[in-house]
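Listed below are the structures to be examined.
Both of the next two complexes hold chain A, though its partner changes from chain B to chain C.
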Partner chain A sequence: MAVLAPASGSATPVARRKRLGRTLSDRRTRFGLVNAAPVVVYLLILFVYPIFSTLMLSLKGEDGGLTLHWYADAFRGANLEILLTTLRISAETSLLALVVGFALASAISRLTPLWAGLAMLVVIVPHFISALVRTYGWIILLGDNGVVNNVLTDLHFPGAPFQLLYNETGVVIGTTAVMLPYTVLLLYAVMKGIDRRLLAAAASMGAGRITIFRRVYVPLVAPGLVNAGVLSFILCLGYYLTPALMGGEKQTMVASLIDEQVMKQNQWNGASALGIILLLLTFAGLLLLRLLKSAGEALRNRGTAS
Partner chain B sequence: MIELRPTLAGRITLTVLATLILLFLALPIVVIVVTSFGKDAFGDFPPSAWTFGWYKQLFADGSKWPAALSLSALVAAMTTVFSLVLGMTAATALVRSELPLRSAVYGLVLAPLVIPQVVIALGLFLLFEPAAMLGSPIAIALGHTVLASPIAVMILMATLKGIDERLEDAAASMGAGRLTVWRRVTLPLALPGLVAAGIFSFITSFDEFFISQFLSSVDTVTLPVQVFNVLQYNVDPSVTAVSAILIAVAVVALALVAVARRLGGSGRQDGLLPTEPAVGLSAGSETP
Partner chain C sequence: MPELKLNLVPEQSLVAPEAAAGTGKPLTVTALRKTYGAVTAVDEVSMEIAAGEFVTFLGSSGSGKTTTLMMIAGFCEPDSGSVVVGGRDVTRLAPQKRGLGFVFQQYLLFPHMTVWENVAFPLQLRGVSRAEQRRRVGETLEMAGLSALARRRPRELSGGQQQRVALCRALVYRPPVILMDEPLGALDKKLRDQLQTEIKRIQRELGLTVIYVTHDQEEALVLSDRIAVMRDGRIDQFDTPRELFERPRTPFVADFLGAANFLPGQVEQLTSTHTLVRLDTGGVLKARPRPGAEGARVRVAVQPGRLVLCAPDDGFCTGTVETVTYVGTLVRVTVRPAGRAATEPVRLELPVGRAPAVGESVGITADPENVSVFPDAEDGG
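This part shows the complex of A and B:
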């Protein structure tokens, strides 16, 4: 019967329903649906629905009606300050992780395979060690009598010892250490794919090293830089551990505020609104990434066409 | 090979810089392991005298650590089982079938990796609080599975892609049923991937802090939550030893994955390290 059915393309509702029925009765499709069902159901119940109920709670007024009251609260006074602090620390961290990651990834991409493998091991292994433990390591290192201050004092570094804990310096150092493996991995993947003969070609045409770096190398790495920068910024936004342990009062981030509102003040609506704001900021970041990517592709296509 | 020859000065600068950055990554870990054997548990690096005392103290009478450790192990074991079941079925659906709305399913599966964890934790709290399930190990494991299953799916998809589908077809053509093919052909070939996915699920749960923090009660506290509480509120010098144990667990897990990868031998096994989620996600879409 299926063979005799008219070719698809006739878009009457009946034909469409028939085609859908045929797709669903196909063995491979049925097999796929059966296998996809567990994970989809699971995530709908334990991931999508909870986030949806968070959204509803953030819009629920005390009388049960819809309200934007909680969002207005989030953008006022101390809460607004915490939001801005979160954005500032995330920006500082992702910028630092990007610059440091760039230096390390470009150094590794020039090593022989053996040394590159060993160096990548030092990048990857910490990535799989609990961030909590690594943060504790930084607390030991950066204390007033910690290794870093002792070394700096012994070297008679001007101004040493420094206050490196419970302020923004500490938070940015700790958070950068957590984000660094991401940026290194993303940048390394891009840099390994670069044809280094292009750099030699530019040199043969008389370009200086700075010009080569600026006009050839950086544009080739640019997609990776955008990816790594936006991704580490997004991951920072909702980050809790390091700022909570290494920051002072002025480094409270949104995640800490949510934690406090839920655990100590029983203020679920306000916490939900803050959570949804974080979620929207994340979506904005991902959207930006997508737009930049298609813009970059368009630019490259135009470059090859002309 | 045509190469732009690096200058000596540039080479030295880059090497020194790279060494410093690698130190930056390794130092916090080294300092914990070394300090955990030192007489003075806080600072004093390198220690002037050595001891195993902090490790012994962990298992002394009245210590809270053994309970936290066994709860974490239990939760991690449950998470591993959930995550492997979900991961294997999802990977099969995504790699081995015609799935309607495939990219939507794939996006849903990967979404937990980029959504801020505080949002996931808050949502789970709102789900489990009315059900009076706060503090139950199964609730914590169900929450951890949200984070662990995407990693398992990524690893197992790479594994399945590396297995020649014609082997399965050949077995089927000789009369093996679907279940027999899976048990006798696919499963043995996918074993290294399953081991890797299982280990990473376990580690994800064992180290997870934020969801546990939201879903725990006063009596049920996982190891990372206990470590956090000690660091934030009270001083217990054996926390350094616990941290060193957490490091050891992670390193052993990575070593086991490396062994599974070696034993896996043939086929494309690059997918055994779940570093690709970050790469895959930032690319925005999957390359088929």
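This part shows the complex of A and C:
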């Protein structure tokens, strides 16, 4: 996620050219360039060119000139609502994936290696199955006569059966399940790295379980929480399949809108604009990650003031 | 250190109220026992530690010293026995309810907090007001010479500095007893010496009760009021360093603390004032009186530093100087007893001025007060 590389220092053009020349004459640099060439060509053809042409498409007016018409269109009426829905569902999903992922990862990190390995397998293996199959699995589970509702009805749970499909609940449940392996893996890695004796140290000086969790454990996991949250948010933004199958009319997300514009309306320019907006939102997410990290750092430093 | 009042919120009171005096509390351990499967890690350990006393558990790894400490701290539950701190039975309490201080070998500072926050943490747990926190953390860091580092993170500090912070963190809330598990084990020799002096100074100034675990006998001797020498889950002897050194109760203690010479022999005469032992090398050695029978096989233990050279045939042993090694202010000398070639050389530590020459024929003698006699059957560890 090193998208936001620090800006290089401002040097005069002459000095920069000199430095470039010196760097190029370095044998290791030349060797590195030769090695990197295939990847650079690959990325130019399959990554930079498509994004660039999408950008051009999104700026092209009906008369062939440049226009922001498609962007204006995306932020108007129903389209704006879809954009906001996408943001809302992504936020809800990543929050839920974080909470569930946190509970799972912290439980797994306390197991013995053998059981931890097995539990990890259970979390990750479903990811190997096609998302389509998994989504249909959820539909079977959550339908009006699905397993969940049948069990709840049999238990005379008040209010059962619930509407769990073709609404926001369904979308959030289904998408959370897709995001879970990412959050669990990221959080597990961080939690494994925490020296559990630190918790014992806190207990030795009188901290109870809740205090240890709040003052020691969570702060130590915090960087992982930020990473996992932003990652699942970004993945959700452009996620298509589950929202399309498990959501209703009101849960249309940007990806579905793009699909509709391309497949049904043959409206490539509008779809391109939406794609670019998604890309910008992703960048915004990464920027947010950076800001959160430096804000956290600043906050902690301020707390030190004696 | 001026008066330090413990400012506890009543329902959070972690320390017995008497602790407000700011000094250490007494601690009593009774018949503590811990087994892991078939292995007995700690076997019926009992001891009484007075308020303000510095006690060290000394032993090699597997002697049960750390397990005993962990049971006192509450990190490990004993199978039987009890731990009483300042009159309060804490045997079944969780570590956080015991209110003790603990200093770990690995420092275990909170990496997400600064030095200041680390030391303030236990005070915050006790609901101490911000102003009081500021005063006490400031004083404690000052005492440890850490004031300039208050805003640093633990990872920006050296090992010695980190351990000082860990010490401050355990001191700042005035626990009735501070437990230290080989706190200087990860530091180099010079730093250890320096921190030993500091720990001892702070302990004396504040009248702290400290239980210290180490496998380094020199460290134990420097720091402790009393040392519990542990072996195989039991206490071999619990005494002042001087007593341990001069009157070891078992061959193990004599060997572990003083690296004693062991000389086999036979009791020739037993009186109320002394014991005479005829050594297998031929000479006769006078030792402290002890119970037993004349004619019994024994082993005599004398520390290298308690042996003195004399004219040949004047001492209990005559031999040839084999090696002479200078170690700073001392000379280590080994003497091969004449006559029997099979016996081990006798080791001596002499002041530099009294060093003999290699190959010289010498006699060895010792003050009977410094000679211990053990039955032959007891194993020397």
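A few comments on the model shown:
The criterion applied here is as follows: the second predicted complex is superposed on the first by the 254 of 306 C-alpha atoms of A that agree within 3 Å, B and C clash if a C-alpha of one lies under 4 Å from a C-alpha of the other, contacts with A are read in each partner's own complex, and residues count from 1 in each chain.
Convention: a contact is a pair of C-beta atoms (placed from the backbone, for glycine too) under 8 Å apart; a residue touches a chain by one contact, two chains touch by 3 or more.
Worth saying up front: this structure is predicted, and the values here are computed from it rather than measured.
Of the two partner chains placed by superposition, A:L59 touches none, neither chain B nor chain C. Applying the stated contact rule after C-alpha superposition, one finds that A:V147 touches chain B and leaves chain C untouched.
By the touch criterion defined above, A:A200 lies against chain B and chain C together after alignment on the C-alpha atoms of chain A. Shared-chain residue A:P219: touches chain C; no touch with chain B.
More residues of chain A are in touch with B than with the other of chain B and chain C.
Contacts of A:L164 after superposition: neither chain B nor chain C is touched. Contacts of A:T211 after superposition: chain C is touched, whereas chain B is not reached. With the contact threshold set out at the top, residues 197, 200-201, 203 of chain A are in contact with chain B in one structure and with chain C in the other.
By the touch rule above, chain A contacts chain B in their complex via residues 23, 26, 28-29, 31-40, 42-43, 46-51, 53-54, 57, 100, 103-104, 106-108, 110, 119, 122-141, 143, 145-147, 150, 177, 180-182, 185-186, 189, 196-197, 199-201, 203, 209, 212, 227-228, 230-231, 234-235, 237-238, 240-241, 244-245, 254-255, 258-259, 262, 268, 271-272, 275-276, 278-279, 282, 286, 289-290, 293. In the complex of the two chains, the chain A residues touching chain C come out as 195, 197-198, 200-208, 211, 215-216, 219-220, 222, 300-301, 303-304, 306. Put simply, chain C touches chain A in their complex at residues 14, 73, 75, 94-97, 99-102, 104, 106, 108, 110-112, 114, 116-117, 121-122, 125-126, 134, 137-138, 150-151, 169-170, 173. Taken together, the chain B residues at the contact with chain A in this complex read 2-4, 6-7, 10, 14-15, 17-18, 21-22, 24-29, 31-32, 35, 42-43, 45, 85-87, 89-90, 92-94, 96-100, 105, 108-109, 111-112, 114-120, 122-127, 142-143, 145-146, 149, 153, 203, 207, 209-210, 213-214, 224, 227-228, 231-232, 239-240, 243, 246-247, 250-251, 253-254, 273, 275, 278-279, 281-284.
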